[in-house]
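Down below are the structures I want you to see.
Both complexes below contain chain A, partnered by chain B and then by chain C.
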Partner chain A sequence: MSYQANFRVWRGDSSGGGLEPYQVEVNEGEVVLDIVHRLQATQAPDLAVRWNCKAGKCGSCSAEVNGRPRLLCMTRMSTLPPDEPVTITPMRTFPVLRDLVTDVSFNYTKAREVPSFVPPQGLKPGEYRMAQEDVNRSQEFRKCIECFLCQNTCHVVRDHEENKPAFSGPRFLMRVAELDMHPLDAAAEEGLDRKRSAQEEHGLGMCNITKCCTEVCPEHIKITDNALIPLKERAVDRKYDPLVWLGSVIKRRK
Partner chain B sequence: MTTETRPPQHPGEPQTPADPSGPAPGRGVHSPGRAAIAARHLRTDRWWLSQAVTAFGLLAFVGYSTWRAFFGLHTAYAAPYVSPFYSPCLAANCPAMKSGADWALFGSWWQLSPALIVLIFPLGFRLTCYYYRKAYYRAFWSSPPACAVAEPHASYSGETRFPLVLQNIHRYFFYFAIVVAGILTYDAVLAWRNPAGQWGHAGIGTLVLLANIVLIWAYTLSCHSCRHIVGGRLRHFSKHPVRYRMWNLVGKLNARHMQLAWASLISVGVADLYVYLLASGAFTDPRLF
Partner chain C sequence: MTEVERHTYDVVVVGAGGAGLRAAIEAREQGMRTAIICKSLFGKAHTVMAEGGIAASMGNVNSDDNWQTHFRDTMRGGKFLNHWRMAELHAQEAPDRVWELETWGALFDRTKDGRISQRNFGGHEYPRLAHVGDRTGLELIRTLQQKVVSLQQEDFKEYGDHEARIKVFQEYTVTRVLKGHSVRGEDRVSGVFGYQRESGRFFTIEAPAVVLATGGIGKSFKVTSNSWEYTGDGHALALLAGATLVNMEFVQFHPTGMVWPPSVKGILVTESVRGDGGVLRNSEGKRFMFDYIPDVFRAQYAETEAEGDRWYSDQANNRRPPELLPRDEVARAINSEVKAGRGTPHGGVYLDVSTRLPAEEIRRRLPSMHHQFKELADVDITAEPMEVGPTCHYVMGGVEVDPDTAAASVPGLYAAGEVAGGMHGSNRLGGNSLSDLLVFGRRAGLHASLYAAALAERPELDEEQISAAAEEALNPFEGTGGDGPSENPYTVHQELQQTMNDLVGIIRREAEVAEALQRLVGLRERAERAVVEGHRQFNPGWHLALDLRNMLLVSECVARAALERTESRGGHTREDHPQMDSAWRKVNLICSLAEKGGADGSDGQIALVRKDNPPIRADLLALFETSELKKYLTDGELPSATIPEQRTDADADVDADVPDGAEQ
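Showing the complex of A and B:
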């Protein structure tokens, strides 16, 4: 079944812009990215949109559909009300380049600030052996396709531009958690305390665990429950827990 | 047709270099360089509904429990049942409970309701709980009101400063919550008696207290701190198979933490209401055997 749907697409660049109305044909089974492509082909050949795989695996077509951060290629038209205009805008946390394309370099900057995996002493690449149950947690986080929808929806930076220098965002706090849970990461032996850096350098305390990152993740990673809260708990171990403190005192005496 | 052509104006703020003659730059989603969209959000669904329902539910419980905590002493016990708000009862002005947890540790100088001594622990546990934090940050503080809906605050420091840095003491409250749940379990065991104190009897109240304690344990054990303590803090699950199994079990409960938080909140209220109705003579407890 085909029908004509009304769309409002944000057109412009960093100097200004606005929502422009279009009427586009929609066919059964299509996703919003199909409509954007039809729009480019028939009415707006200069419409800028970033896309690649059309399969929800490259993380390129992140945008906002009816105000909700979504992958354009994974948002079925059948999930949207057919009698209401569909609003498509770029992600509103990052500087816009043109139309639906944003400058996501904030994320690459933050990625570089996370110290990478520290290889264990005495093991060469190829000699690493890990039990599956030890890497399950980290493997969940490795599903991340870096669409940056979690970064986009996180109110800490979305609503407070001034927090960007101090806060790495859910994606990169999840990266810290992944490494801190990694069975072979030797950061601690090299004097790198990932729990301390999560708190003091990546702004873990700014997260108020309102779970928007989890809600928007197209890979359904439980970012808050499995990465951010465990990381907060590890910080509590280090700084606030009375029993852990007592245990460490007793261990030191032995 | 273009509905707007410039970033939204915010009088009194400095102007952007990109648009020196134009409007002043804004904050958040209206920051310079971001897509110029005047609306603070473009969501078309009923995003406010869950915020409103959460606020209503929490306020209803706070209102009810405040009334019961301050004025419920004389209807806190209806043999063999004790209200979970008044157990353990640690002041001398508690009603006599047959073999119950009425330990007058605070003596007779405490003249206020004894519920206030104990409720601070479950209250603190729930107040610092990761689920409730999300719930009340959204419902009462609009931080954020909903995902991708701009919050109204000019600045934000999260849980890095006093008083919200105190959320980190959730772990302490978890330890106390285990003790409180243990005492409520004792109360639920005592409920397998008749009003005369003979064992091997049960009434509807027994089932109410039983359901309540099952939900309280499920909520307490599904806590994120519990999940971390039993195994989450380990890096090598393979070296600790028992703790790994416990972590998996707690993880399954933890996935239902929100539902358990609400279910146990409601069950505590219902258990207290049941005891109140019995103690005030509204009806007598239907006995099962």
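Showing the complex of A and C:
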């Protein structure tokens, strides 16, 4: 069952651009990325798009379909109204490089700012013991395919370039939560308080839990409920618990 | 002089999948300034697609497991064509490589006593695959990626620069390995040349050691589980640099790819579905795999459904179900069922886990599969069977390397992971790929570092080679490649995929492979006339035009070797030579770049020679019963009469408590 669909695809680069109309064949079962590939093969050989696995596992083909942040490879044409044009635009939060490709280096910069896993002293490789129930939560966050759709949709940075330096975004706040909940992470022993760093260095306080990130996550990770809110609660506990506060002040003075 | 961005490093790793990142981490830890070239974004490599797990005989679930058993399984899976030394090193070192990942932050699924859990997989005697649900590859990539970041954080502390000693060049593609001359006039690696995707500008990295870790070749086939990056770049770079490829005829068709809808045809359905209890049925509802157990494996597989089903809970007293035969066997069986008219409406067979496990358990163990079928095919795998069929998945052949050092024949060139050959013989077992990446990625990084550090004098970049490489890369814009109409690279690519799929696919015949070789000549001429529109900035048409060179070179290797090997073994099935032939086990087929207009008078680019497979070391042979060895080796290769006596005794001890094991 094929039909001709109308597409509007943003073409351009950092100096500007606009929506270009295309009419293109759509077949049963196809996803938006199939259509982009057909456009490349037949009408627009230089149409720039990122993609790799075409199976929702690598998180490369992030863009906006009719204004909604989506993976192009996981957006089936059958979920879109057939009689209306389909509009594909690049992710809005990141600078455009060309057509649907954006400069996502913001995310790689933020990734470097999160201190890595600290292996526990005294445990050799092969000696790690962890219960499944204790790793479940961090494993949920490690399902992240780094498509950066949550970073793209988060309104703290979506239209607020000025917030970018101070805010790591849902993906990397979730990374802090993942390490904080890792049963064997020894950051605390090294004097690193991950909760405080979430608050003070990664802008956790700017998040006002509107759950937009959770809504767009193609892996259905409950970013807000399971990562950000618990991190906030624990950060708050620390900040406002007078004993914890006193303890941390004394520790810092040392 | 050509305008190029120029860098200098000690070790360049081409490829940022599991093998590349592991090599880079090792090189950096050896004190080398290390560059990682990444065709896509960092962390997007094809390794993320690996689902099932990492094979390592840690013995966490069944303490009888050990490296010798893993070695045996690997050799059996590869039908004894494996380079025995690689299989040995792999089996011995895999557990250390997995445990090390935990110290870098990896979170595997756990056993009840808190160790790394291990799951069953095709061809593995014991539960052996460390895993995270069915997204193990993602965990591997993320862990290595985060380890690289942690090394960069160390460097930031020490030097104030994250990239002081290890830098990732994202969206850079290498089109040539460059060579210089040593004092003695010998050709050595001097660096790499390529382009940046974003700007289209050229770059060189001067470095005495280059590790190829570019993965596979699947994009030369129409139905494949591989991503666009899998265009045989490293295979082609090695050939063009004067190195050799070994046994390229062996291409693994994974038995279970999605078959419907058309747009997802080929996407992988993990073997874990079968490892966790899923069964294959034809359109008549029959579990047909029981009809396809080959003689060499008859002793290890269940004869009845009841025995196979009991095996999941009691492995000591039952043999495993034939759905867990090595991949080549299952893929051929599915192919035969479909051909015999017992396939599904969309040309596959049924893979059913819905009647085998509770829905909740399926969602827990196979979350990605559940998600993938629901989102892409409207199929709920907890309630109905999947339709599956073979898909091009992996190439066992690759760069011929020294087993211990991963060194190719050109000094300074190394290869690890899928791009390297030998380890898996004629067929790779599931789970042995991720462990291969780690074991030989580390070895390649180590030996590339030792080589670079020991070098008295670094070979210089040759400006002529750089100009030639630049000219070659710009051809598609000029349209200067020969007489005839200009060509669309997308069209040429589609025809190449169709050709390889139809003529050098899962079942091969002499006349068809010969025809494929003819067509490849025509396609190569057309690819040289490929013309692209637009400019150099992020231009996918241009990138494809450049990748075509690599796919055509590699496809010719596959076809030429497939024509030469007149037997059926593992990932090479010849309908006109259906038997496995012990005489052929001793033969490796070696491809190299031919002089223009090859010596054999053909129009090919590839020269093919036969080379002896080195004899297996006696103590490793002693791990097998003579009766089993007889199925694979020629009489002359069998151990002499006195040794089998000792071996039988030794084996009797080992196998006493594993009645499902080696008895023939």
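Just so it is clear, the second predicted complex is superposed on the first by the 240 of 254 C-alpha atoms of A that agree within 3 Å, B and C clash if a C-alpha of one lies under 4 Å from a C-alpha of the other, contacts with A are read in each partner's own complex, and residues count from 1 in each chain.
The rule we apply is simple: a residue touches a chain if its C-beta (ideal position, glycine included) is under 8 Å from a C-beta of that chain, and two chains touch if they have at least 3 such contacts.
Everything numeric here is computed off the predicted structure, so don't read it as measured data.
S.K.: Clash or fit: how do chain B and chain C relate after the overlay on chain A?
M.R.: When both complexes are placed onto chain A, chain B and chain C end up side by side without any clash.
S.K.: On the A-aligned overlay, A:Arg68 touches which partner chain: chain B = first, chain C = second, or both, or neither?
M.R.: first
S.K.: Quick one: classify A:Ala131 as touching chain B (first), chain C (second), both or neither.
M.R.: both
S.K.: Where does A:Ile209 make contact in the superposed view: on chain B (first), on chain C (second), on both, or on neither?
M.R.: first
S.K.: Touch check for A:Asp159: first (chain B), second (chain C), both, or neither?
M.R.: The first partner, chain B, only.
S.K.: Please indicate which partner A:His182 is in contact with in the superposed arrangement: first for chain B, second for chain C, both, or neither.
M.R.: A:His182 sits against chain B and chain C alike.
S.K.: Could you look at A:Thr87 and tell me whether it touches chain B, chain C, both or neither (first, second, both, neither)?
M.R.: Only chain B is touched by A:Thr87; chain C is not.
S.K.: Once the shared chain is lined up, is A:Pro95 touching chain B (first), chain C (second), both, or neither of them?
M.R.: Touch partner of A:Pro95: chain B, not chain C.
S.K.: Should A:Pro21 be classified as contacting the first partner (chain B), the second (chain C), both, or neither?
M.R.: A:Pro21: touches chain B, not chain C.
S.K.: Can you report the least C-alpha distance between chain B and chain C in the superposed arrangement, rounded to whole Å?
M.R.: Minimum over all C-alpha pairs of chain B and chain C: 10 Å.
S.K.: Take the contacts of chain A with chain B and those with chain C, and give the residues found in both.
M.R.: Touching chain B and chain C on chain A: residues 131, 182.
S.K.: Enumerate the contact residues on chain A facing chain C in the complex.
M.R.: 13, 27-31, 34, 40-42, 45-60, 74, 76, 97-99, 101, 104, 108, 111-112, 115-117, 119, 125-126, 128-132, 135, 138-139, 142-146, 179, 182, 185, 220
S.K.: Hey, which residues of chain B end up touching chain A in the complex?
M.R.: Those residues of chain B that touch chain A are 1-7, 18-19, 22, 27-29, 31-37, 41-45, 130, 133-134, 137-138, 143-144, 147-151, 153, 155-160, 164-165, 168-172, 175, 224-225, 227-228, 232-233, 235-238, 244, 254-255.
S.K.: Within the complex, which stretch of chain C touches chain A?
M.R.: 40-46, 48-49, 58, 95-96, 99-100, 102-105, 107, 109-110, 113-115, 117, 132-133, 135, 138-139, 142, 146-147, 149-150, 152-153, 156, 162, 170, 198, 227-229, 260-264, 267-268, 367-368, 371-372, 375-377, 488-491, 494, 532-535, 537-542
S.K.: Would you tell me which residues of chain A are touching chain B in their complex?
M.R.: It is residues 8, 10-12, 14-21, 64, 66-69, 81, 84, 87, 89-90, 92-96, 102, 131, 133-134, 153, 155-156, 158-163, 180-183, 203, 205-212, 215-216, 225, 229-230, 232-237, 239-243 of chain A that touch chain B.
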